[in-house]
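Each of the next two complexes has subunit A plus one other chain: subunit B in the first, subunit C in the second.
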Partner chain A sequence: MTNKEWPLYEVFIRAKSGLSHRHAGSIHAADDQMALDAARDTYTRRNEGVSIWVIRSSQIVASDPAESAAFFEPAEDKIYRHPTFYEMPDGVENL
Partner chain B sequence: MNADQALLAYVSRLGDNALILGQRMVELVAAYPELEEELANANFALDFIGQARMFYTYAGEIEGNGRGEDDFAFLRDENEFRNFLLIEQPNGHFGDSITKLVLFESFYLLQLEALTKCADTRIAEISARAEKEIRYHLRHNTQWFLRLGDGTEESHQRVQGSLDNLWPYTGEMFAADEIDGIFAEFFDGPHLEAIHAQWMTNVELIISQATLDMPEDQWMASGGKQGRHSEHLGFMIAEMQYLQRTHPGATW
Partner chain C sequence: MYTQGLDQKGQSDAKGDGLEAAADLAAFQKRVDAEEKIEAKDWMPEAYRRTLIRQISQHAHSEIIGMQPEGNWLTRAPSLKRKAILLAKIQDEAGHGLYLYSAAETLGVSRDEMVGDLLSGKAKYSSIFNYPTVTWADIGAIGWLVDGAAIMNQIPLCRCSYGPYSRAMVRICKEESFHQRQGYDILVELCKGTAEQKAMAQDALNRWWWPSLMMFGPSDKDSKHSAQSMAWKIKRFSNDELRQKFIDVTVPQAEFLGLKVPDDECVLDKKTGHYGHGEIDWQEFIEVIKGNGPCNKQRLAKRRKAHDDGAWVREAAGAYAEKRAAKAA
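== the complex of A and B ==
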């Protein structure tokens, strides 16, 4: 036996039909199928999901925290991008 | 033996298989090499214990003497348990545990499928629920069996050893006795010859996919279904029943 760790996978769970998948956590697994099983056994034990996605953590392309200023700050002062300048019609719920 | 006695014996056996296997798997809790598999094993063990509870509760109702699930689990002696010998065999190494589960669950899934169509509504309902659980277990454990068989040279050799060692305990699952016969006749229960043929087809496929050799035809052990057990069950029962035997009637 080697002590090499299995690759890390990120787990995304869809709680019910109509909702989108949300990040639930991560697990270690040797292959994709094992990752799916481990995600099922780790994150849906209490009836949390109807669908699971897993992906190798190494496959995720993430933004660089060092670049967060260039990435996110330009949006901070552009309040005109928020749809808050409209009158809300009567009878519209869930907004 | 009349039909009601056979029904009681049949349900009680279903409970015994589920409980003893669940107890075996509980022994591995906190002893697994990987966290994710640890959780899977504990989940699976609880599935079996949940099934045992449903079967025992029903057995108590059929019997009608006021015995409940705990009486069946904790206040019976070794020779009153009618689980398969295969199930009480020690966990051994990881390959042994996986092989045991694959061999048993390949049978149990077919048995449950047949039971969902039997004439006893309660058994059919319990089996419908259990079938979903076992279908997932078997899928998961079969993948491990394939990985180990078709893995490294060492894993291949070790799991071939597991298969050869456990094979003599598989025959008992298909050896129909009076209880199986009456249950098949009066309650439209499973026919073990048909299940045996299907099991053999399924298991041969898995074994060949795992690049392992089929064990040769050989002498098969028997007796568990009649209460004659290997030396391993007594120790299990002693540990499992210790609390109830020492403090009768203790509750949480």
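== the complex of A and C ==
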């Protein structure tokens, strides 16, 4: 165990209630509780948060940036999803 | 801050291995030129990755080693207030080291590898932390000058092209301002004190001024790395430009304290609006970087000892985590 690096955790912080959690950085910790404590000491020394999530980095499933063009392509050709696609006739209001 | 070593070591890094497709490199440069941020898993030239790993890890090491000169005065701070403030400041430095290690890890280097390189002496850290803190006024001078120079270096790094580094720098810059002000505050108080206290402040300025100017790294004419780092938007201003900015803002602050910068050539040129400066002793700079500064050996020995002394804690925490995981299974 001595030579093994502790697992990496990603840290997400809610700055205040009403806002969503946001990625702040990462830390190494031996277990979940230590990860929370270390995240508090590292990322919220100046009241930056009211809630912290930590999750092992290895548990995150991420899209591949190299494939992002193809991955997000389905959204590209549906311009009719945007309100600006529709031209409203003159004289129509509140729409 | 503390990224000066970039210009010293591994000058072959900027060349890459020549195997990368010209089209990929061109597409990458186009993104950088458009001020797009590069993120961790994006394609990037090997040399860009290596340059960043070296720069960010050196920066992290500097934060970690930088705790030592200040820690030296923790138990002898002149009041409980000063002690509490200094403790909070040193804790921030540890935090900065951790933000930066975590940013460097996104580039595919492990924490253990970076720490190992620091402990073995392979990795560099800023030359400034190899100078001793012999009086309490030195703590003031470090906050004012060393953190002041750091801020000058770091503000442009907030706009660095690599996303994780730039975000870490934004966080760090928010905290540095406290560091600089607490240092200046120490000196304000000393300069309002007895003749002896004021002399102590002047002595600290005399000793920290030149090493602080060296923090910006070699003069532009000797800085081989700058052009590539500028093109990649890792660096935004040259070493000499940043040094000049630092001098221009700091000299009036010294005058306010009634202290004199130890450089007779440091006078305001009314035409340019800039202060001049005498020749920097680059030989001293090179020696300190090479490991022959006043405290290099002591700093590294202390870091190694702290690492070794903490081994049982890491081991115990690891064993506890394993035991809990086994129980839960």
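One rule holds for everything that comes next: the second predicted complex is superposed on the first by the 79 of 95 C-alpha atoms of A that agree within 3 Å, B and C clash if a C-alpha of one lies under 4 Å from a C-alpha of the other, contacts with A are read in each partner's own complex, and residues count from 1 in each chain.
By our rule, contacts are C-beta pairs under 8 Å (C-beta built on N, C-alpha and C of every residue); 3 or more make two chains touch, one makes a residue touch a chain.
Please read these numbers as outputs of a predicted model, since none were measured by experiment.
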Thinking of the overlay built on chain A, is A:S26 touched by subunit B (first), by subunit C (second), by both, or by neither? second
Once chain A of both complexes is superposed, is A:D64 in touch with subunit B (first), subunit C (second), both, or neither? second
State whether A:D37 touches subunit B only (first), subunit C only (second), both chains, or neither. first
Name the contact category of A:L8: first (subunit B only), second (subunit C only), both, or neither. second
Of subunit B and subunit C, the partner touching more residues of subunit A is C
Shared contact residues on subunit A, subunit B side and subunit C side combined as an intersection? 6, 27-28, 30, 34, 41-42, 45
Contact footprint of subunit A on subunit C as seen in their complex: 39, 41-43, 88, 91-92, 95, 98-99, 102-103, 105, 110-112, 167-168, 171, 175, 311, 314-315, 317-322, 324-325
Where on subunit A does subunit C make contact in their complex? 1-2, 4-6, 8, 25-28, 30-31, 34, 41-43, 45-46, 62, 64-66
Partner subunit B, residues of subunit A touching it in the complex: 6, 27-30, 33-34, 37-38, 40-42, 45
Residue set of subunit B touching subunit A in the complex reads 34-37, 39-40, 43, 136, 139-140, 143, 147
